[in-house]
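One chain, subunit A, links the two complexes that follow: it is found with subunit B in the first and with subunit C in the second.
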Partner chain A sequence: MNAMLSVSGVPSVCAWTLVCERSVLDRADGSAKWSQEGSSVLAAVYGPRQAKVQKEDAERAIVEVVYKPRAGLQSNEDRSLEMEIRGVLEGVIPLGMHPRTSIMVVLQVLQEDGSVLPCALNAACAALVDAGVPMSSMYASVACALTADERLLLDPDAAEEQAAKARFCFTFPHHFDLVKAAEGEAVVSEGVLGSRSFGSFSTEHLLEAFQVCRLGCERVAQFARLSLTKSLQAIT
Partner chain B sequence: MSAASAAAAAIGKNFLVDISGPFNAVLPQLSFEGATRRNRPNLHPGDVVYARVVQAHRDTDPVLSCTDAAGRAAGFGHLKEGMVLSCSTSLARQLLGSPTAPVLEALGAGLQFELAVGLNGRVWLAAGTAATCVVVANAIQESEFKTEAQVRTMVARVLSRISAG
Partner chain C sequence: MDSTAAASNDIEADAFKRLYPEQFYDRFLAEGVRPDGRPLGRARAVTIGAGAITSADGSALVKVGRTTVLAGVRLEIARPDETAPGDGQLLINVELAPFSSADYRPGRQPEHVSAIAEKLASALLSGDAVQLKSLCIAEGKAAWRATLDVYVLDADGCVLDAALLAALAALRNTRIPAVRNTREGHYVPARGGGGGEAGLVPSSPTAVDITRMPLGLTCCLYREHILVDPTADEERLAECGVSVVLDQHGRLQGLYKAGGKVLADVAMLVKCTEAARLRHRDLTKLLEQSLQAGQATPS
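== the complex of A and B ==
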């Protein structure tokens, strides 16, 4: 089931389109395809299932991430992204609930036009929800670029990323406050789950990017909830 | 908690059973009504059993039993013939709910079949003909996201097509 939602801009960003399809793959325990503007990532989750004896941990589940680029073999950059994504997932999944198991997340980049890491993280979250893996909260991820003239651009495309002085990717957990609004308002946490930065920037830039990404995550959180609710409703 | 599962192997004094979880569950050979060391249940790999979960600690393999707490069979045990289909645990809970799920009520009014639902998402079905089994299995799968009215309409359409054809 898809839910397409056009989100209108947060300061210094144009409208960007988010699409999320769930249960795309038959054999995976959970899967999701997340698309934002030009980038698209397919995530498949297998688990919790029996871990290999060499890798199993007697007290907690192990999270394995495989990140496959759109073309070519995995590079060191891809392995570094795998570590980042694993860090984020270990932060939200209560690993102690399933000792000796492994939760494997396979991410395949289908299209890339900038902001691929947040797209992959969002796809992983949707796939984990589809698989029914327990999580302490859902999370949303957004990227931001610092241009040469000191402007922050949310969700940069490939050209903007190349031209940027610095790039940031922040991941925030979110929950819904059912008291605040009948529909449920997305409340993005003050603390951050993951942050990845590249390039040269000052502390002020980092903190400003943090705030801007946090606002961007609210939109992603609203969309994720809308998409999930629609996929679970009876087809009328 | 009940589970329909497939027996894997007899290891020592236990059967290993697949309950569609990360690990196989353990079903002691003596956990059947009237089982003694001389008189063991005759289960082979691929057999389906209806059992209840006695122990499900996160650190150990789950332990099953085919008797209730007093040692009687109470509907548990080897399920002979029939077919097994997999569904989501939420659909399994709907089928096990009370009052009876509308799809089962509607199907039961028109067809004869036997059904065992496990909370782990496995459903065992047996009926007079294979065609009836398939009809019931498809109807159950289709009913997951439908409202009660839609389910009744669907089952009515299916039953009328059977009686016509």
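== the complex of A and C ==
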């Protein structure tokens, strides 16, 4: 069931299943499996570790992203997603802290039913947290689609993406305000970290989708925080 | 004496730029200019050479500042895909020449080239910009298959914008030859005349029908500045670009921001789309001029 959104951008139905499992792989430094609705991505993080001589940077760490589609070989689109994910990670990891190293993030799509990019981004974030890689902030990502009759659908499935006039994916960083932390609230930034929006849409649609995704990210951020505190409580 | 002093100054400036790129750029940006003399909001000069390759069915050489992109269209007749019997095909292929940038490594094409190919396909094919129906000769039997090859000869920033402009100019420049139906029932192109009017297919297409003209503009976000149409040096420094693709009616076709250090708020995104809108107007004017000039001088 998707959250239908009216023009004002307030979710009317919100039965959104998000599942996050951490430390699912033994050999990786950190791993996470993130499922949202019909899509599911497994992320593994290796590093910071010695970078290959060709790639190493004397002043900072490099981020390598490997994105494996559910089936078949990598297409142009998959490599483009790799670049997009790498950009987002480079934005939140303080690279100067680990010069001459490499942080590798491997993403394997397990189930594919729309909104795979936000799913992969959220999985990567959870895996980085699991690996204990320092980050300046966590982030949340949400997709939405503009239907033929110009409504916005949050977290579309594959059929809705196919029929959509335009598709948006926004990634926002979020942090925990100590004042609001008691209520379990996460503060989502006003500025967007990554955007991948294409199709045919007006500036108004873009701004509307921006706000809708920001609201969606608030929910994802709350969930990420909740799942993190729960798993930490379980350890201690 | 003076010349050696000037030369050593040049060397010092160059060394300073390489060692402390941020300080180097900060000194310029504080004055509201960039090292190449442009104000922050000005895009580079563009030249479009439509019909640069005579052996191709359509071609264009585009220069945006020093960024150079060559695009060519090759046409052949093929049987249309069974799922879309009334459509022609457009295949898009982007390649980065080894001499185009210092970052080039032999082997697999770098991922930003895949990203450009994917964005070109998204702009030209998914938003029905190119009408594939216009490439049909006989439904279910024959249609044109257009191969669009884009070669990046010099990658000095904003390669996506230049590639999109070159691709569009090459497609607009494409002249589709007449088609002859042979006695055996095959469809062959009637290139170079000969054979008179006999067997010519009357309603075969003559030009690629493009209803929407997607063109793009990339802006770099560096600290609180927006650098329009950055060079490769500026892109490397800022590590944060926003690419906007839109059509002639100002309707957006794509807005891409691949992470980076700077967060873009609503105001920044609106500024970038407005800049892209202005740029689209200028580029369209140049494109029309160039296409007319290309027609006036028969090749």
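The definition used in the following text is that the second predicted complex is superposed on the first by the 217 of 236 C-alpha atoms of A that agree within 3 Å, B and C clash if a C-alpha of one lies under 4 Å from a C-alpha of the other, contacts with A are read in each partner's own complex, and residues count from 1 in each chain.
Keep in mind that, in the parts below, contacts are C-beta pairs under 8 Å (C-beta built on N, C-alpha and C of every residue); 3 or more make two chains touch, one makes a residue touch a chain.
All values reported here derive from a predicted model rather than from experimental measurement.
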| query | Quick one: subunit B and subunit C on subunit A, clash or fit? | reply | fit
| Contacts of A:P99 with subunit B and subunit C, given as first, second, both or neither | first
| request: Give one of first, second, both or neither to describe whether A:S200 is in contact with subunit B, with subunit C, with both, or with none. | output: second
| Given the touch rule stated above, what does A:Q50 touch, subunit B (first), subunit C (second), both, or neither? | first
| query | Taking the superposition as given, does A:E84 touch the first partner, subunit B, the second, subunit C, both, or neither? | reply | second
| query | Which of the two partners, first being subunit B and second being subunit C, lies in contact with A:P156: first, second, both, or neither? | reply | neither
| Between subunit B (first) and subunit C (second), which, if any, makes contact with A:G30: first, second, both or neither? | neither
| When both partners are placed on the shared chain, which of subunit B and subunit C touches more of subunit A | C
| task | Could you look at A:E190 and tell me whether it touches subunit B, subunit C, both or neither (first, second, both, neither)? | result | second
| query | On the overlay, how many Å separate the closest CA atoms of subunit B and subunit C? | reply | 17
| said: Taking the stated contact definition, name every residue in subunit A that is touched by subunit B in one complex and by subunit C in the other, in rising order. | reply: none
| query | Which part of subunit C faces subunit A closely enough to touch in the complex? | reply | 105, 111-112, 114-115, 117-119, 121-123, 126-127, 239-240, 242, 245, 247, 250-266, 268-270, 273
| task | Report the residues of subunit A in contact with subunit B in the complex, numbered from low to high. | result | 47-50, 58, 96-101, 132, 232-236
| task | Mind listing the subunit A positions that touch subunit C in their complex? | result | 54, 76-77, 79-80, 82-91, 171, 173, 189-203, 205-207, 210
| query | Which subunit B residues qualify as touching subunit A in the complex? | reply | 22-23, 58-59, 89, 145-147, 150
